[in-house]
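The data blocks that follow each hold one structure.
There are two complexes below, and they share subunit A, which is joined by subunit B in the first and by subunit C in the second.
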Partner chain A sequence: MNLPAGMLATDAVVTGIGVVVPPGTPADPGRPWFDTRARLGPRGYKYLPAASRYLLAAAREAMADGGGLDLVPGERRAATFGTNSGSAAVLDGMDRTVADGHADDLSPAMAPFFAINVLGSRPCAEYEVKGFQLTLTSPRVAGLEAMEVGLRALSLGRCSSLLVAAMEDGPPGPASPVADGPALPEEGAVAMVFEPPAAAAARGGRWYGACRARTAFLPPHLAGTREGQDRLGRIVTDLLTGLGADRPLPVHVIADGSAVGETVAAVLTAHPRTGPITSRTAAGLGCLTPMVRLAGLLAARTGDRLIVTATAEGNLALARIFDPGRSPC
Partner chain B sequence: MTEVVVTGLGAVTCHGDGAAALWEAMLAAAARPPDRPRDPLGHMDLRLMHLVPGVDAAERAGRFAITAAAEAIEDAGLDAEPPPARTAVVVGSCMGEVGVRERGRGPETGDAWNPAFRIAARVGDRIGAYGSNVSVASACAAGGFSVSVGADMIRCGEADVVLAGGSDAYSRVALACFNRLGSVDPVRCRPFDRDRRGTVFAEGAGMLVLESARHAARRGARAYARIAGIGWSCDAYHPTAPEPSGRQIARAMTEALGGDARLGCVIPHATGTPRGDVVESRALSAALGEHLAEVPLYSLKALIGHTGGAAAALALCAATMVLRHRVVPPNVRLGAQDPECAVRLPQDAPARLDRPRVLVNGSAFGGNNAALVLEEAA
Partner chain C sequence: MADQLAPRLDKEDLRLLIAEVLDVDVAEVTDDAHFVDDLEVDSLMALEITVRLEKEYGVRMQEEELESIRTMRSTYDLIERKLRETS
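Let's turn to the complex of A and B:
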């Protein structure tokens, strides 16, 4: 099997994509857009938080799109989910119920969702994901973080197929202004199924391309300092090496206007191993936007690309898309 | 594969700050009665939880994590200089820094976005670590997964040093939900006790410095323990209830054991919920077979309560100290052991660790299971 330049046999390929987000951009918080009955079915979803419904719908789309998650035994299937505000509205409602009334007024069916990882429980049960499920939650990078952690586990043999997804619902309350304009709450989910290319090829599956992700950190209190920029430059070099980016690639930036975000963008712009910044998207209040961007670029088969996101909290993530190569995608 | 060793520990529990305070409490084996958090809007019947003493702030979980991280770094001898270039931070938490988002518990943050899971970022900013900074939110197994993820980073050559662990603090919503689910014990946390009625949550943080053995040796650091095995699984069954056979819990343990079921000690997940303790006992029997009868269990939550996302990290700190001292502390005395939980729980006096190999379990809502085996470092 011929692999594109820089891609290794251990890199997993994306065989199915599901994107469930409000139509149009930016999102209009509060506008109904998700028809649970049409998307999921008539019964069994009343006590499922919105983020969990979005996740389930996106996972089903990714499977219908050709994702081979269920083509290996359940104990070899795994899922990694990223979210920041997936349960924010649920927790806010529960808090109001307890503060204004009593814990006895809580719905026992919804009570388990105080734990944010339970948002992923339903799709794991539906697809008998018994390998493992992990929920990652770093601000704004959690989707790419879920991809990094999941693909690392896959490369270590902890699973043979992997569902990576990000889901958000909120947060409740008004949008937060940032330098690039108002950052809006995010709603929806993005899901991708990863498999080893040999497995996908053996079953005659097609793929959109391979991905790798790497995360790092720029301590916010050092973001504006020479030390911070110097260290970040070396970190970015390491990250690009880890991504197999040995030549300049077009860069898509998702930024929140913070000092960390601006420093990361400046270091990338000046770095000899990155290409031009071809797009710049305002970050939302969650981890969904980078994953929507990633899914869009994969689906459009744009070839080699880098996606970068960095946050005021200091987290930064880079994702590399590899050209699909010979897949009949 | 790259060997991963533990070179530093930090702990914050209801028994105070410091791994030494935890070890002292383990040897004394005296359970404290739960505290009653001061929360005028916390309307629930059993507002019981073990609190970390001396901290009066809404942003508690981050503070605990930073305290534990600073201790672990100092313990590892890494405090004299900025952390090595390839230092990562992985923090597990069930609720994150949720306190400031609950009504009346912290300063109003207005319109500012205030993501709950920023504990790892606070630790990374405090210590100046530029490596990966990961937040794991796998509920009550988060600490076990976070240490596993940190070890995986080192094994894959992505980091030399990882500060990994977990932290959680009082959350009105979490405790109210456990009240609603009827899962709070009105007396104290009593794992494996015939009369147990649920768990009692607790605040706390546990942090471990993980290093590649080569990195530790190069700088002359002593290694307390090595990570000998990691196993993960998912029940794929129910949001709260463990799958009754415990098959996936046993599978995680079996994977971590790597073909050798002989152990010197087990620190189980054991929260005190009636069903959970029985299922884990069965899973232990399936994974350890005839060896279960010989191995002492040390039930940490009976002593410090259930620290949520910190639980497995604190259990790993405890396991490391068991290996270091070659002693299994006595369990907090049970009223009467549940006959359905056929496990060995020595309660009279500290015992010598017969085999320098300890299994730690962590399980969570959503059926997320992580098991790790620590061994004495060479």
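Let's turn to the complex of A and C:
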């Protein structure tokens, strides 16, 4: 197989994509848009939090789209998930139950979802993911971070297929301002199935592209300072090296208008190894938007790209899309 | 045994409650449908039923009483007895 510049044989390809988000933007919290019975089935989801329902629907879409798990033993299947507010509604409900009554009134069926890792357990049970399952929660970058961590494990041979997803539900209530500006709650989920290109080619599968992601942290108080610019320059160079970005690529920025986000955008604009910023998307209050953007670019087959997200909390993530061609050579 | 224990326990209300908790059609909750064998109730859902019954009827279940929550009929009998004991 001829690989594009910077892509390694160990880089996994995306063979299935599932996107379950409210139609239109921006999100309007509280507006019903997800019909559980229609999307998932008539029974068995009553005690599944909304974020888990979105995740399950997206995972089913991605699995149906990719169709490559049959040949992979359950012990070799893995999943990594990202969320910031996936448990918020459940935890709020628990708080309310205890505050208004007693801990004895807590719903036993919902109690397991106190642990954020349990949000992703349903698709893992449904698809017999027995290798490992991990949920990451870093502000705004958790989806891309889940991709980074999962793909690292896949490239090291710790699993043979990987489900990566981001899910969000809220936070409940009206949008609240973050450090440097308002952002909207996110609802929905995005799921992607990754496989080694050789395995996908062997079974005659097709793919959308390959991905790699890297994350970093800039102390927010350094944003806008000379020290911060210098440090960020080194961070971005390291991240680009990790992504194999040895030539300028178009950049898609998802940022929240914060000082960190603007500093990252400025450093990227001036960096010799990045191309023009071709789009800017407002970040939401969770980690979903960068994954929606990534999935959209993959599905549109836009070719080699960089996706960047940076937030007021100091977290930043870069992801790269490689376009290795649809069919093996 | 009377199906009505005035005024707090109504058999059809109890059936509706159990159907709602178990997320099944109320018609499936027949008097003798076994919660485990017929309605796929696991230990977590058994606890869910218990918590809802305690809250709805203001009774407190003892651990040894939970095995009585196995069918609609046995559950009704249990609640009826608990209410009678507390009245």
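Note that in this section the second predicted complex is superposed on the first by the 316 of 329 C-alpha atoms of A that agree within 3 Å, B and C clash if a C-alpha of one lies under 4 Å from a C-alpha of the other, contacts with A are read in each partner's own complex, and residues count from 1 in each chain.
In the analysis below, contacts are C-beta pairs under 8 Å (C-beta built on N, C-alpha and C of every residue); 3 or more make two chains touch, one makes a residue touch a chain.
Quick caveat, the model's predicted, so the values are computed rather than measured.
Annotation for the three-chain superposition on subunit A: subunit B and subunit C fit side by side. By the touch criterion defined above, A:D104 reaches both subunit B and subunit C. When the two structures are aligned on the shared chain, A:R158 is found in touch with subunit B, with no touch to subunit C. Looking at the shared chain after the overlay, A:N117 reaches subunit B, while subunit C stays out of its contact range.
Of the two partner chains placed by the overlay, only subunit B lies in contact with A:T215; subunit C stays clear of it.
By the touch criterion stated above, A:K46 is placed in contact with subunit C alone, subunit B being left untouched.
Within the superposed three-chain arrangement, the count of touched residues of subunit A is higher for B, of the candidates subunit B and subunit C. After overlaying the two complexes on the shared chain, residue contacts for A:T309 are found with neither subunit B nor subunit C. Computed from Cα centres after superposition, the angle at subunit A between subunit B and subunit C reads 70 degrees (steps of 10).
Taking all C-alpha atoms of subunit B against all those of subunit C in the superposed arrangement, the shortest distance found is 8 Å. Residues 104, 106, 108, 112 of subunit A are contacted both by subunit B in one complex and by subunit C in the other.
Subunit A contributes residues 43-47, 104-109, 112 to its touches with subunit C in the complex.
On subunit A, the positions that touch subunit B within their shared complex are 74-75, 78-79, 84-85, 88, 91-92, 94-96, 98-99, 101-104, 106, 108, 111-118, 120-122, 124-125, 127-140, 142, 145, 148-149, 152-153, 155-156, 158, 171, 173-177, 183, 214-222, 231-232, 234-235, 238, 242, 285, 313-315.
Residues of subunit B touching subunit A in their complex: 41-45, 85-86, 89, 94-96, 98, 101-104, 111-113, 115-118, 120-121, 124-125, 128-140, 145, 149, 152-153, 155-156, 158, 171-174, 176-181, 232-240, 248, 251, 364-368.
Residues 23-24, 44-45, 47-48, 50-51, 54-55 of subunit C touch subunit A in their complex.
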